[in-house]
Amino acid sequence: MAIKSGNETLVAERKEPNSSTLYERISQVPDVRGRFGLYGGKYVPETLMFALDQLEKVYQEAKNDDIFQQELSRYLREYVGRPSGLYFAERLTKEAGGAKIYLKREDLNHTGAHKINNAIGQALLARRMKKKRLIAETGAGQHGVATATAAALFGFECRVYMGAEDVRRQELNVFKMRAMGTEVFPVHSGSSTLRDATNEAMREWMSSVENTHYIIGSVVGPHPFPMIVRDFQSIIGKETRQQCLDQFNRLPDVVLACVGGGSNAAGMFYPFIEDKEVELIGVEAGGRNSNAGEHASTIAFGSPGVLHGSLSYVLQDEDGQTANVHSISAGLDYPGVGPEHSFWHDQKRVEYKTVNDQQALEGFRICSRLEGILPALETAHAIYETMNLAAKRGKSEIIVLCFSGRGDKDCAEVARLEKQ
Amino acid sequence: MNLHTNRSTEMNLPQKISAVFTELRSKKQTAFIPFIPAGDPNLNATGSIISALPRAGADLIEIGFPFSDPIADGPVIQAAYTRALNQGIRVESIFEMIHHLSSKPGWKTPLVGMVSYSLVFRPGVSKFLTRANQSGLSGLIVPDLPIDEAEELSAAVREHHLDLIMLVSPLTPIDRAAKIAKYSSGFLYCVSTVGITGERTELPSSLQAQLKSIRELTSLPLCIGFGISQPSQVQRWKEYADGLIVGSAIVRRLEKANEIGMDSAQSEIVEFVQEFSRECKIR
Amino acid sequence: MAIKSGNETLVAERKEPNSSTLYERISQVPDVRGRFGLYGGKYVPETLMFALDQLEKVYQEAKNDDIFQQELSRYLREYVGRPSGLYFAERLTKEAGGAKIYLKREDLNHTGAHKINNAIGQALLARRMKKKRLIAETGAGQHGVATATAAALFGFECRVYMGAEDVRRQELNVFKMRAMGTEVFPVHSGSSTLRDATNEAMREWMSSVENTHYIIGSVVGPHPFPMIVRDFQSIIGKETRQQCLDQFNRLPDVVLACVGGGSNAAGMFYPFIEDKEVELIGVEAGGRNSNAGEHASTIAFGSPGVLHGSLSYVLQDEDGQTANVHSISAGLDYPGVGPEHSFWHDQKRVEYKTVNDQQALEGFRICSRLEGILPALETAHAIYETMNLAAKRGKSEIIVLCFSGRGDKDCAEVARLEKQ
Amino acid sequence: MNLHTNRSTEMNLPQKISAVFTELRSKKQTAFIPFIPAGDPNLNATGSIISALPRAGADLIEIGFPFSDPIADGPVIQAAYTRALNQGIRVESIFEMIHHLSSKPGWKTPLVGMVSYSLVFRPGVSKFLTRANQSGLSGLIVPDLPIDEAEELSAAVREHHLDLIMLVSPLTPIDRAAKIAKYSSGFLYCVSTVGITGERTELPSSLQAQLKSIRELTSLPLCIGFGISQPSQVQRWKEYADGLIVGSAIVRRLEKANEIGMDSAQSEIVEFVQEFSRECKIR
């Protein structure tokens, strides 16, 4: 399959999945060149190729090394608190009045979201590569906190790049990172937000690549990151799959997750890719409306382009300049999306929907009030869609929602919005 | 795949860049290549500066296409890009400015676009290259496109009579450098340090060894970029390189346009380029 | 054993435990009258006796009802996220340079502390009693949030009493409770803090006792609360005991916990009471210094007295008026302590130590930096003492620390103190 | 354990409280019992108000001992306690004030202390009761001490020639009420509503039935407390009760001392008590 620039070519290649061989094929990505179908790759300066090659090699070894896998499992169990529960949300189910709603509780992980699964995994890889230092980008601070946590746990030096604007807004997470000994580096370039922090982290990596590992926080960036992050996050879907088999003796009918960069969704979906009876639904941030700059629905409104080292759907203007984005939830406020999601979208294996700011707030409220679980605003997008969907489905159906994180971090923001 | 070999059969096409190096080599001189970001503070200013550079001694000129998310550029260049983008600069208007320059009577200095692959990919490679060629660009540097992803572009440049200048980094293994050289035409861009563009006072000495080994693989001119900031560095590197590229140090002077006015900034830059090229021309 | 007023009598009865029958006896409390040795009882208005009797009866039934216990277990597993891990704190251990330090991770529970174990248990009791409404007192808001959570989960109406001063200081927790549909009721009487909130909750209970259950947040208050809260929290110690046997094939040498009202400590210690080879250490808040009003070290500096419905050690003036207290951590800032702790103290089964504000901050810092776990300031007291103790003990010894809660709630306060 | 029976053999000891009820019963009148918190706004004021109450028609007077953490009192009384404690009031000074009153020539009205068990327990029951007796108190109400915990205290009161007035609530089962009555002497305090002290406009009608059944168990006078606030409530309850206790409604008037001055507040209270006792004395 040729990788062609320009949009028409790519979009034309979307196809309906129709056989189980096809489903298997969809799960056998990326290829050796880091491609998920047309997407992915390594669009990075030559200087980084060395680090990416090294990372890929070490990762492949680690993947097949029982000792590495056991160590990872032990940290996930004893430190992170895995496995996370699969919880029947009885009152949400009753409220929706249709399919049964289950929550996969990533909010109960140490640091309160799925991000830690990846941070611990990559920190162990960094140790294997004998690197002494970690860097990361962060928006609202969740991935920054997860990385700072892993750095403290394993004794790495650590620096987290964060847009100056976000440093100001996310005082609490900045405090946490610093308390764990991480240097928080405010980025003043560009729009002073996540995108710019990512640019800055990549750049810094170029000059420190020999002793530093860059922990990317989602299934984005150049190969092998989208694959590595997906694999480390796949513990979510693997556990869920097994829990469903144990508890219901069958697989769920639908699995949902919110999609920012797409790591919690990828981790949840990937182990179900070959289960063609399982519907997969990703929920993007609809922001205020569908005008450019007012949302972060990359798959819904974007088109294939190159950003932060890989080819994927991206929100750009006609020149290829990255568009401004907006979402009520900082973790979804990103103009790109992981290349595997673009692939799943084109292959029609995953359906992508859009939930706007107001609907997300509604999801936040209903879940807090009926289940006593304050969701992250990211998660709240998926909750809204889940409630909608459950209402339309029969009572015997089972819907599993990837409950990606807790809402502590968002309380101040929701309170502020409610006061307005 | 053996593009280099293929290309050499087409050497009769107008090869402005290699012609420049051939001439300089014959004079035992080193090329001086200044970098100017388009649109900072505006495109008129860019055009005016670039027009002045050949006379100041520039042998080639790199023109930076502002990109919203540059990962290969340092803070100084990114800030220039941000200023340009905040003015609403469009890719098409950059091509127009370039066309305006290159079609000036007597214009000889090859112009090279430094552009993120994001901007090339978006309209489509062929469309972008068509406009590049029409505008009078002689070549392209796409700093975030490693050879691994360069298949489509490197196949297309030939058709559009453009050079594709690839980069080699200090971390590039020698066999990979050989491959990169094969994808490259015009010259090979040798990144001086592990890192991003920006000014440095010292370049690593391992660079000398690397340049020597690369020489053995390719006949392409080798130019050093990233981190050259002072005319005093020229003598040290002349014997290893065919050209020296200076970016951030120039942009930092451009930055001052706001304070001291565009005319004074332009004079400073011209002077700075003169100093550099004087060093490059001394035998 | 006679229950006598005045202090001399009581204090004179402290005795050294000396036989395993004695250890068994120490675990067989309270008696039918709600006494832990001399302590406990029900010092409440007649109006409440009805509710206490009802509660005790229903609790005894529930305790022996497999269905109740199974339901409780299910919520603890799927909703709260139990069992919580027993995590080897490798870097703290190395830093201390002596005994091995393990953390029992109650911070990973839903809502971030041990408080939820009790709130869920009591909410299930309230449901069994067919009550429609829950009330609770709260200081910093942890127990209030836990109760609001249980109320949302089971669909109870809920009101939480909170000192007006604390409502102002603990905006985040107030927001959370409200988001879950709980009414936060600011108490303006007395010192406008936890003590007053407790008074107000007890009073309100008197007028609504027929349809309302009062969820007390620690092992304090009139019988049967100290027993019920201890039992619901004992899941901590039970799991720990089993995890130790599974992981080390033996019991730990020392178990530590911080003591405010004493619920996390009671839940941790109780299952080890009969294991006489296991040392038990409770850590009280030493505040600024040992002057009256500057600390909350009830056992260290208090004497037996009656407060909030039971007889126990209490910080009082000579008339019996409750003293002012201070601790850097709101959850330890309480002038009383559970009656069972007074009993354990007198029986010398548990040793009580004091850690001051500065030392607790040191505990907070070292744990954040070396383990990537931000502890609650309450927990930080126990961490400091654990580090101290581990340094003195041999490398083959095992110390388990009850990691009662996470530090998110305290970040703003620590940041404020660091700025000073 | 059968304290009531034991006690009745000692009826020859000065039993000021029961004497009051015996006399009122003979006149078919109802006792009026105002409650005054000690030390609000200060102990002099308390003494002065209490001195004026017998003339205003008070048959017994309850004196509240401020406690830092009262769980049986409503917000109005607690606020009074807080004000008193903020002035630094001590238990000993309350005893002194009481002694000062009770030793006035011709003082007849029995004084009853309303005190939290925390304050009794701290110095020790015997020490507290000794001082209570010495101060001239006739009895104690300990609202947070149910019979289950009253063993020590109820044994000790007899020795100190004090009545222990226990409380019955609307939720108290009848057999338990019987037990409570046995622990009690002087009178039985019947809490009117499920709740705390405070003013209410309506008392629950189930109270009537409860009072009737309690009558069948005990010959103790029954007084209704908690929630009586208006003289107009008196007629409705007179036939069921031997006495009516009014607390918060008085304290609310005391609260105004700060605004309107102590003298005016005292006059208002005296008037209020007069109105009430007038209603109580009407046959």
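To keep things simple, chains are lettered A, B, C and D as they appear, and every chain counts its residues starting from 1.
Just so we're on the same page, a contact is a pair of C-beta atoms (placed from the backbone, for glycine too) under 8 Å apart; a residue touches a chain by one contact, two chains touch by 3 or more.
What you see is a predicted model; the values in this text were computed from it and never measured.
With contact taken as defined at the outset, there is no chain that touches subunit A as well as subunit B.
When every chain is reduced to the mean of its CA atoms, the largest separation from subunit D belongs to B. Chain geometry summary: the mean Cα position of subunit B and that of subunit D are 97 Å apart. Once the centre of each chain is set as its mean CA position, subunit B and subunit C turn out to be 68 Å apart. Distance between chain centres (mean CA atoms), subunit A to subunit C: 37 Å. Among all residues of subunit B, none touch two or more other chains. Chain contact topology: the protein chains form an open path, each linked only to its neighbours in the line. Contacts between chains, counted with the stated touch criterion, involve the pairs A-B, A-C, C-D. Of all residues in subunit A, those touching subunit B in their complex are 2-7, 33, 41-47, 49-51, 189-190, 195-196, 198-199, 202-203, 206-210, 304-309, 311, 316, 318-322. Listed in rising order, the residues of subunit A touching subunit C in the complex are 77-79, 81, 84-88, 91, 105, 107-110, 112, 148-153, 155, 171-172, 175-176, 179-181, 364-365, 368-374, 408, 411-412, 414-415.
Of all residues in subunit B, those touching subunit A in their complex are 67-75, 78-79, 82, 85, 90-92, 116-127, 143-146, 148-149, 151-152, 166-173, 176, 180, 191, 193-196.
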